[in-house]
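Given below, in the form of structure tokens, are the structures.
Common to both upcoming complexes is subunit A, partnered first by subunit B, then by subunit C.
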Partner chain A sequence: MPVSSPAEVPASASMRLRLAAHARAGALATRGVLGLDAGRAGMRMTASEGLRVDGVVCAALGDGRYHVSVHLVAAMVALRPLADAVRARVERDVAIAGLADRLGPVDVAVEDVQVRTEARP
Partner chain B sequence: MSETQSPRTPAGRGAASEPGEASSEATSRRGNEPLSSELGSTTIADAVVTKIVSIAAREVRGVYDLGGGTARAIGGVSRSVGVGLDERMQGVAVELGEREAAVDLTVVVEYGESIPQIAKTLRENISRRVEGMTGLTVTEVNIAVNDLYFPGDEAAAEPARVE
Partner chain C sequence: MILLLRALVRLLGFLLLIALALVGLGFALAALLGDQLGVQLEGSAVSRWLARLEGNGSQVLEAVIGGGMVLLGLLLLIGALAPRRERRVVLEQGEHGTLDARRRPLAQMFTALAERTRGVTHAKAKLRLGRQARHGRLVLRAERPRTTDSTAVREAVRSDVGELAAAFGLKTRIQAPLGRRGRRVQ
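And then the complex of A and B:
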């Protein structure tokens, strides 16, 4: 089942899933982000325990932290500042959730840009 | 990517600028920063730059369409059968490096317009858009004028057989 909010992820869920849900919420809350992109095959996602966070890949680093990749669809704005803003927002939201020490690097991939009136396929 | 990280202090980081309001000065300054740091990397897909180039090219007066005859024919067929090919990708090829981009463009121009002037405006507009949005430096924009468009070229719509 796709997750649309961190509140839908139980506290007992895996750390990967919790981090991915917070990263997704943080990215979507950033001005200039129109959506997340799971790719044509839908493989850019984090799944665990019957739940799925699309557009975010969360991988264990081996030292207790997780490498997060956010794949997004952006509006027609300056993309590097947008990526920095997404990274900062994800870090902030994860820190507020008390998971900052589990967060590793946050990669941001702009997969597509759209004008605001354009419908997603 | 380095796996040895300094402790994160999100609260201590400077507030991120609003991306939609980034000034051109700020954008060009940031454009020279590396795309990868210990905090993570930023990736911009080829399709993104292709789309930016295509939109920038269509903003130029005198450009009727992009793509060669075959690409436009395939685009027309795909549109008519509802296949989700993005016609804005046709006629544009980009080559991306870490900091630079090169663009090849095939255009159809309207008859009566100055081709050298259109080419100059295309180069300026594409460079400005790509550099402004991605921070990549556009090293070259190669333009091939593939056809001329004469107003009235489209097949006249057949009159309706019923009223």
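And then the complex of A and C:
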């Protein structure tokens, strides 16, 4: 079942899934991000215990942290500031959830660029 | 090339499965109901061909077919097993993470930027990526009307896309040919 918000992930869920859900929410809340993309085969996602976070790949590192890759569809904006904003937002949201020490590098992968107005929440 | 081989694998895989199923059905029917159906392998073309294969002499045709089948099998194996590598343009790579983009949206971005440039009627960007990160080439074709100067258009486009191209480590080549009739200046 796809997860659209961290609130849908139970506290007992895996760390991978919780981090992915926060990363997804953080990325989608960033100005310049139009959406997330799980790819044609839907393989760019994090799945655990019957739940699935599309567009975010979260993988364990050897040091106990998790490497997060956010695959996004961007608006026509400068990409470097966009990546910085996504990372900052993800780090902030993860820190608020008390998981800051488990977050490793955050990769930002631009899967598509679209020229259309942003749908703000 | 790999894309073509993958398409070949899908098409041939489908056709060969159908052919294999029909041949298997035929053999099963011949084995089970050969007498009733009047199927007699002895003296047939199949038995003559098998006898020829076992006999002495030149079998060039069979050798060519066999070699072709081996080659086809190898190509199908490559098409089925070779990983499809997606080349991406890396903008930055550090301990905080990587920022990269797929080739197509980036080319669209360059095209859109070039088409915004004054004096450009139509633009098309082609991105060729090297095997290493931050090695690639951007060829931008920006068409212009007769009333504008080629050098001026090239410079204007370069100033619009140069910063982004440099950020991705792309070598930029801009062409400013005359546009087709009927295309209007932006």
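Here is the rule we go by: the second predicted complex is superposed on the first by the 116 of 121 C-alpha atoms of A that agree within 3 Å, B and C clash if a C-alpha of one lies under 4 Å from a C-alpha of the other, contacts with A are read in each partner's own complex, and residues count from 1 in each chain.
Keep this in mind: a residue touches a chain if its C-beta (ideal position, glycine included) is under 8 Å from a C-beta of that chain, and two chains touch if they have at least 3 such contacts.
All figures in this text were calculated on a predicted structure; none of them were measured in a lab.
Look at subunit A after the overlay: subunit B and subunit C clash there.
Of the two partner chains placed by the overlay, subunit B and subunit C both lie in contact with A:Val113.
In the superposed pair of complexes, A:Gly32 makes contact with subunit B only, with no contact to subunit C. Within the superposed three-chain model, A:Arg87 lies in touch with subunit B and with subunit C [touch as defined at top]. With both structures placed on the common chain, the touch criterion links A:Arg102 to neither subunit B nor subunit C.
Partner contacting the larger number of subunit A residues, of subunit B and subunit C: B.
Shared-chain residue A:Arg52: touches no atom of subunit B or subunit C.
Only one of the stretches 5-13, 77-85 or 95-103 belonging to subunit B has C-alpha atoms clashing with subunit C in the superposition, and it is 95-103.
Under the contact criterion defined above, the residues of subunit A that touch both subunit B in one complex and subunit C in the other are 68, 74, 76, 78-80, 83, 87, 105-113, 115. Within the complex formed with subunit A, the residues of subunit C that make contact are 88, 91-92, 95-102, 104-106, 108-109, 112, 164, 167. Looking at the complex, you find that subunit B touches subunit A at residues 1-3, 5, 7-8, 10-11, 13, 15-20, 22, 26-27, 30-31, 33, 35, 38-45, 47-48, 51-52, 55, 84, 132-135.
Contacts from subunit A toward subunit C in the complex involve residues 68, 74, 76, 78-80, 83, 87, 105-113, 115. Across the complex, subunit A meets subunit B through its residues 30-32, 61-63, 65, 67-68, 74-85, 87-89, 91-92, 94-95, 100-101, 103-113, 115, 121.
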